[in-house]
């Protein structure tokens, strides 16, 4: 592995890890469910995406193979649906939104 | 260099997972828990890929692929249960 | 490599698959095919007995892999005996079922055939993990069969049965894991070779594993304190299913005989006769508990269900003593008790059908139609089950009594067994005299005419007890030879050296 | 590492057994599931733990024991079938007895306990 | 050959006789007599041999392993009994012909009677103790059926059950005794046993064997304290009583004592046990007989008394006493049978057996009265009748008994006392019935003589009484001699069969008995008053009550132990496992094997921590079911990661996919269930459960620790080496699954298939009303199929199929395989069901999952069976490489077809399971397309 | 037989074919043949499950759109990261977004895009497919969010779907 790829891989790894962590922090410390919904569904997509990319690059030196991309594709397809379903569930259950939220969730 | 980055990343992902577990246990509402679980699944993908890099093996990637394809189904099922009760009707 | 060995597995498998496709075929066609399959299994079993009777071990290596690496079927006298026992029982229970018990679930025959397959695998396999798989096949089929026929009465007993057996399966796996973790093998012959060489801390591991295995087999065999799932489940099952279940506990007994003679038998070094000191008192307590249950039963099927437990206690007590004569006697008794108890389940069903709303409860009711036939069948079955002469149960018990050597164990076994027989006799005479004789005036809704297949299969199964007496000599010779073969474990381990059919490796 | 692994199996067993001994079908089902997780891990462990030695020929220098893995795979599948069955059976139990108690209906309780139940349970 | 024939004939008759029922009652009676006639004829030629003390033996091997053989042995003793059985049996048949009403089930009657006769003959003719025991128990069974012949009578049923319980139980004791004897002697052949008397008596087990054998004999012969069954067996039709209680059933016990006399008798133990039992029985029977108002009851108790007499004689142990006993057997049989028949006639003609009502019958039926009076006199011991002779011998023997000190007086006094009672009850029988005023309130009035030939059997027997009484030496001398010879095993003491032995002490005793008896009878009212002061012991009521008690107790005990609580059963299971494995685990302790611990890697430890926390939390919060389920899901995920971490990619994938399906399954189920678990179990129980769970968990931890750190070698090297060359794949786990251990996999998919079909069947008619809301005040939304979910479901299906095709195809060489692929496909289909609903999806699937399962199994089986064609064993795989022009090298393995079977079976089963559960939902039935779209 | 030898959903087949190439270890003869085969077979099986066929026009705009989205994800992720780490509580807004798209797939795509870009989550679609409920993590006003989404995502999508 050339040093450059190594740097790139390392950087991507760190970025991925950082975003994953940030997403989790968001999940842990944001005040209400709807805000917490933002943490994971995004930061982790970026996080996983970056880690994925690092893996692609890392293994490209061993040989061709980019099935990691598919993981990202699938994640991008499904993550919004999970978020959507969870939001619907939360609205249905009347989960409280934080004070100062503009607008109202729909009645389900 | 890369090893350090790898370990750092693994540590960060593990801490993230820890935070997820914290949220999962704390709740307070069912959707929070499911959300935490969903996130944990995504963290698991990250962990598996990192594992693959650490072991220098691509044998584990498909496990990640599987989570990507199937993991959301349990989230969806749980969410649907929470609001609709019946998952398959 | 003799391909007959897979016949008892392949035939019901194919028959079962065929049945799955025929969910919507006319019932007569399904029945014909299903019965044909059962009969073919019986034919195959008889052929295998013929093969096994020369006293050699026949090995069938799946995938042509040399044992201990691949899974093998091992045919010996014991396996062949169990096969015949099962398939005879299955054929009659199956014939009984086409009297109408198979209606209501299109997959009844599939399940029935798969159950037979599971049983046959369990008897033939020479691999510990495959035994687990066999157990699961026969258990899951039995769960489904137990629930067959609808109604709410079966649900709770079924749930208990399933839940406990799931725990049993978990323990089985743990035990397999422990044994594998020390010996690194799963093949029974190979285990028999490797277990005596175990030393040190590994010994404790294997011991714990083997003891857990005993609990699992004990659960299947229904020994105390693991037998309580049985009475209600069996009493509530549809008659042909209950009859078929008569063999289920015997699978546990078989497994104990096989594993604890071959692997943890006399040749197992420090682990020799492991667990048998537990088994003997437990068997006797089981017997006693069975008798208590039989005496307290207030319906016929429950009484017979407890009889199953009595049989198990009776069977395991001599087995636990670990003598060749004891095993031989137990095998003879096994043959007798299994068929008889199965026949009694069928009789109980006839009673239940004929008595209208009174069912098989031991209460006064209007006189039932066909009383003579049914009461004669009941009487024969009861006499055999209680172990009274001149029927086969008596010979089994005499053989068992005779097999014990003088000593405190003899005193225990004799007194429990004989007093047990006496009390069983009382239970049966009470049940019989109330059911058949104590009648009140009044009309019950005339039941459907008794179908030929139903009475014939019941009669045949009950009549087998007479057949056993008639052929007691040859049968006993066979069981003696079986026991001798069993205890000659070195012959079994020879299968490891026998090369498989040419070709690969 | 082995100790951690052993503790995990122990925890699974503990929870599984505890839930198994509960009075309602659903906890029992969960208990059985936990127990089977523990058992699967245990069976897997009978081939010892190894890192990055997946038994795919040509991908590692040495390989972990493949046999327990195959056994566990079988066990997982069978466990799934059994879990499904017991779940459905508990549904049948619920349908037939209008109650999800493992014995069909809860045993009659002394008044005191009922009170306690009202206080703590929802 | 003739001896087995003698035994077999009645059984054959029992089968054949009913066939003659068409010909009417006479035909069946004649047919039933034939076996006895032939049997008599068959026995006759052997007399020459027996007269010289010889033995006829016909033996066939049967079950040498048990020591049982078809061995039949005729000697004097056997002959004597056989003649009694056959002759009285014949008479009984004639009698029964008149006794039974036309409406009764004569077929059953004769059939049973013949069976009984056959088994009695079997007892006396058996040359093998076990064979004898078999017949012994058959008599118990057939007598049970005979006594309860009138099944509609409760007393008959109860009497029969009591008889069966006592005699059958005694038979089991006898079995034990015989087995011990056989063990000592080494053979069950009578010849061997009789020859080994000294060996047996010297053996340490002798007391046990003797007790058990005597238990058998005493129960059968109604000896105190087992005598109570006999009077209640009188509920049988009179021919049955006459037969059972005179010559046969009750004499079987006597016969047994006579038979084993050489082997067992002659010890102190024998003496005390037998003679004292006999004495007690003699007195109690005689005393009770006096107070019975029931004609048959009187006779029954008198039978008990006489049986006691015979037993006492055997117990005395002297040779002369044994002769006297045998003689009394004959005499008792003749007069008692005739008395029973007479009583039956009276019953038949008057409709009652109550002696307080039947009086003065002399006027109505003088013929019968004469016969009965003669027989009763014989019973009382009137000279010139046979009863007198044996009684004299009995008195003589009682005097000859050498007991120490004052005890010596006991036997003669008891004997005289019994004699007094015997005279008294005989007198009562004669006087009350035939004289003593007029009949009171008879159901049938006026009574008259029975049909002519109904009296014929009685006449014969009474004639025999007189003949024997007057010419004993001529009439029974030779028979008795040979019987005595056989019983005593050789030397027969000098005895004289004469009507009078001169004036001696026994005669005085007889005289005393006479005077006393008549005196007692004349003062009977006082005795009755005296007797009435004691509460009568109703043995049957006690027996029934005891039975009820036992039944009730066992019922309660069973209900207590088998209380239908899964919690208890599961607890017992857990306790059992802990109990059996605790010793080895303690032995192990905290053991770290020689491989030692590998260093902890923190991320993994943290993951394990998650697992542990979630697992424990699942148990902790299990009341909140949904939360517990989420936690359970975490556990599942962590388990999958653990598999991945420790080099098992296949397992990780399998675990993940199963996990998803399981979750969906549990969610489906939870819908119908309450979302909360109430607190039900008391705290102590919970603490107990926690302790058990902790024990189990600790045990598992210790075992795992020890296991993981111990080195071992396994057979897996073989798999690693042969996977590629032998199985054609580099994924060893997959090759094991589809090739090395393909049979396991076949079983596994069968399990899955059966589970699915079972579930389908189980849920087919299940109706469940789901809760209207989640239990927290939210009713369910109408929105069944959200738009985004539906839209993502569209491309997910083909994409997932692609992935599963990929996973499937690479499975042989890389992680994957049919099972995982099948689950992916299933999940893709599940998404369709979740997103689009049951009916929408079902329409488009267009294939029955049953058939998919069937196809899967079929593929797997065919792939396995293909090798049979090349005579390789089942599941032998083959593979090859095909090189196509563009495609390149392409591997074709037969195992792939097997894996395809797995794939299909998994899809079919999983979908059938999930769909079956989903189908219970009432939504799917009502609206086909719901929600927004 | 041969009349079924077509591709009922050519775009899908294309996607599937490329998916297969992604999955396979490099493009080879085998992978192409297999990919073609699967790309043909699978749509045959599944086309019933996709009743409302998307009508694509100007598909070439798709890569551009994807790039925009990816870029937005990256940028917004950083913003959200800052927000999360910032002790100041966010100012969340529920936005009722009036939809102009009509095709359900297009709506779904838009909603997904919104969810994927950090800071906004599509929470629900109204029953009549006219309104999209969006939760924005930190926004000043509703209109600001509506405008941004309409300009950046809905318009390109409207061009691609007709």
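We call the chains A, B, C, D, E and F, going by the order they appear; numbering starts again at 1 in every chain.
Definition applied: contacts are C-beta pairs under 8 Å (C-beta built on N, C-alpha and C of every residue); 3 or more make two chains touch, one makes a residue touch a chain.
Listed by chain with UniProt protein names: A = Na(+)/H(+) antiporter subunit G; B = Na(+)/H(+) antiporter subunit F; C = Na(+)/H(+) antiporter subunit D; D = Na(+)/H(+) antiporter subunit C1; E = Na(+)/H(+) antiporter subunit A; F = Na(+)/H(+) antiporter subunit E1.
The structure presented is a predicted model; accordingly, all values stated were derived computationally and were not measured.
Asker: Taking a step as a move to a touching chain, how many steps at least join chain C to chain F?
Answerer: 2
Asker: Quick one: which chains contact chain A and chain B both?
Answerer: Correct list: E.
Asker: Nearest chain to the global Cα centroid?
Answerer: Per-chain C-alpha centroids ranked by distance to the global centroid put C first.
Asker: So, comparing C-alpha centroids, which chain is the farthest one from chain A?
Answerer: With centres defined by C-alpha atoms, farthest from chain A sits E.
Asker: Return the chain pair with more inter-chain C-beta contacts, choosing between A-E and C-D.
Answerer: Looking at A-E and C-D side by side, C-D shows more C-beta contacts.
Asker: Measuring centre to centre, with centres taken as mean CA positions, what chain is farthest from chain B?
Answerer: Relative to chain B, the chain whose C-alpha centre sits farthest away is E.
Asker: Compute the distance, rounded to whole Å, between the mean C-alpha positions of chain B and chain D.
Answerer: Their C-alpha centroids are separated by 21 Å.
Asker: Which whole number of Å gives the spacing of the CA centres of chain B and chain F?
Answerer: Comparing mean C-alpha positions, chain F is 22 Å from chain B.
Asker: Centroid of chain E to centroid of chain F, CA atoms only: how many Å?
Answerer: 74
Asker: Centroid of chain D to centroid of chain E, CA atoms only: how many Å?
Answerer: Once rounded, the distance between the two centres reads 39 Å.
Asker: Return the residues of chain D touching two or more other chains; collapse runs of consecutive numbers into ranges.
Answerer: 20, 25, 28, 38, 40, 42, 45-48, 51-52, 54, 56, 60, 67, 71, 74, 78-79, 81-82, 85, 89-90, 92, 102-103
Asker: Give me the residues of chain A that touch two or more other chains.
Answerer: Expected reply: 18, 23, 25, 37, 39, 45, 65, 67, 70, 74, 77-81, 84-85, 88, 92-93, 108.
Asker: Multi-chain contacts only, two chains or more: what residues does chain B have there?
Answerer: 10-11, 17-18, 30, 34, 36, 59, 62, 65, 69, 71, 76, 80, 82-83
Asker: Which two-chain combinations qualify as touching?
Answerer: Contact pairs between chains: A-B, A-E, A-F, B-D, B-E, C-D, C-E, D-E, E-F.
Asker: Name, in rising order, each residue of chain D that touches chain E in their complex.
Answerer: It comes out as residues 1-31, 33-34, 37-38, 40-42, 44-58, 60, 63-67, 69-74, 76-85, 87-92, 94-95, 100, 102-103, 106-107, 109, 113, 116-117, 120-122.
Asker: Which of the residues in chain A come into contact with chain F in the complex?
Answerer: Residues in contact with chain F: 18-19, 22-23, 25-26, 29-32, 34-35, 37-39, 41-43, 45-46, 63-67, 69-70, 76-77, 79-81, 83-84, 87-88, 91, 97-98, 100-106, 108.
Asker: Sort out for me which residues of chain E touch chain B in the complex.
Answerer: Touch list, chain E to chain B: 602-603, 606-607, 610, 613-614, 617, 626-627, 629-631, 633-634, 637, 640-641, 644-645, 649, 652-653, 656-657, 659-660, 663-664, 667-668, 670-671, 770-771, 773-774, 778, 780-781, 783-784, 789, 796, 799-800, 803, 807, 814-816, 820, 824, 827-828, 830-831, 833-834, 837-838, 914-915, 917-918, 921, 923-924, 930.
Asker: Touching chain B in the complex: which residues of chain D?
Answerer: Spelled out, the residues of chain D in touch with chain B are 51-52, 54, 56, 59-60.
Asker: In the complex, go through chain E and note every residue touching chain C.
Answerer: 61-68, 130, 133-138, 140-141, 144, 148, 151-152, 154, 157, 160-161, 164-165, 168-169, 171-173, 175-176, 179, 182-183, 205, 547, 550-559, 561-562, 564, 566, 568-570, 572-577, 580-581, 583-585, 587-588, 591, 593, 700, 703, 706-707, 710, 712-716, 718-719, 722, 726, 739-744, 746-748, 750-751, 753-755, 757-762, 764-765, 848, 850-851, 853-854, 857-858, 861, 865, 867-868, 871-877
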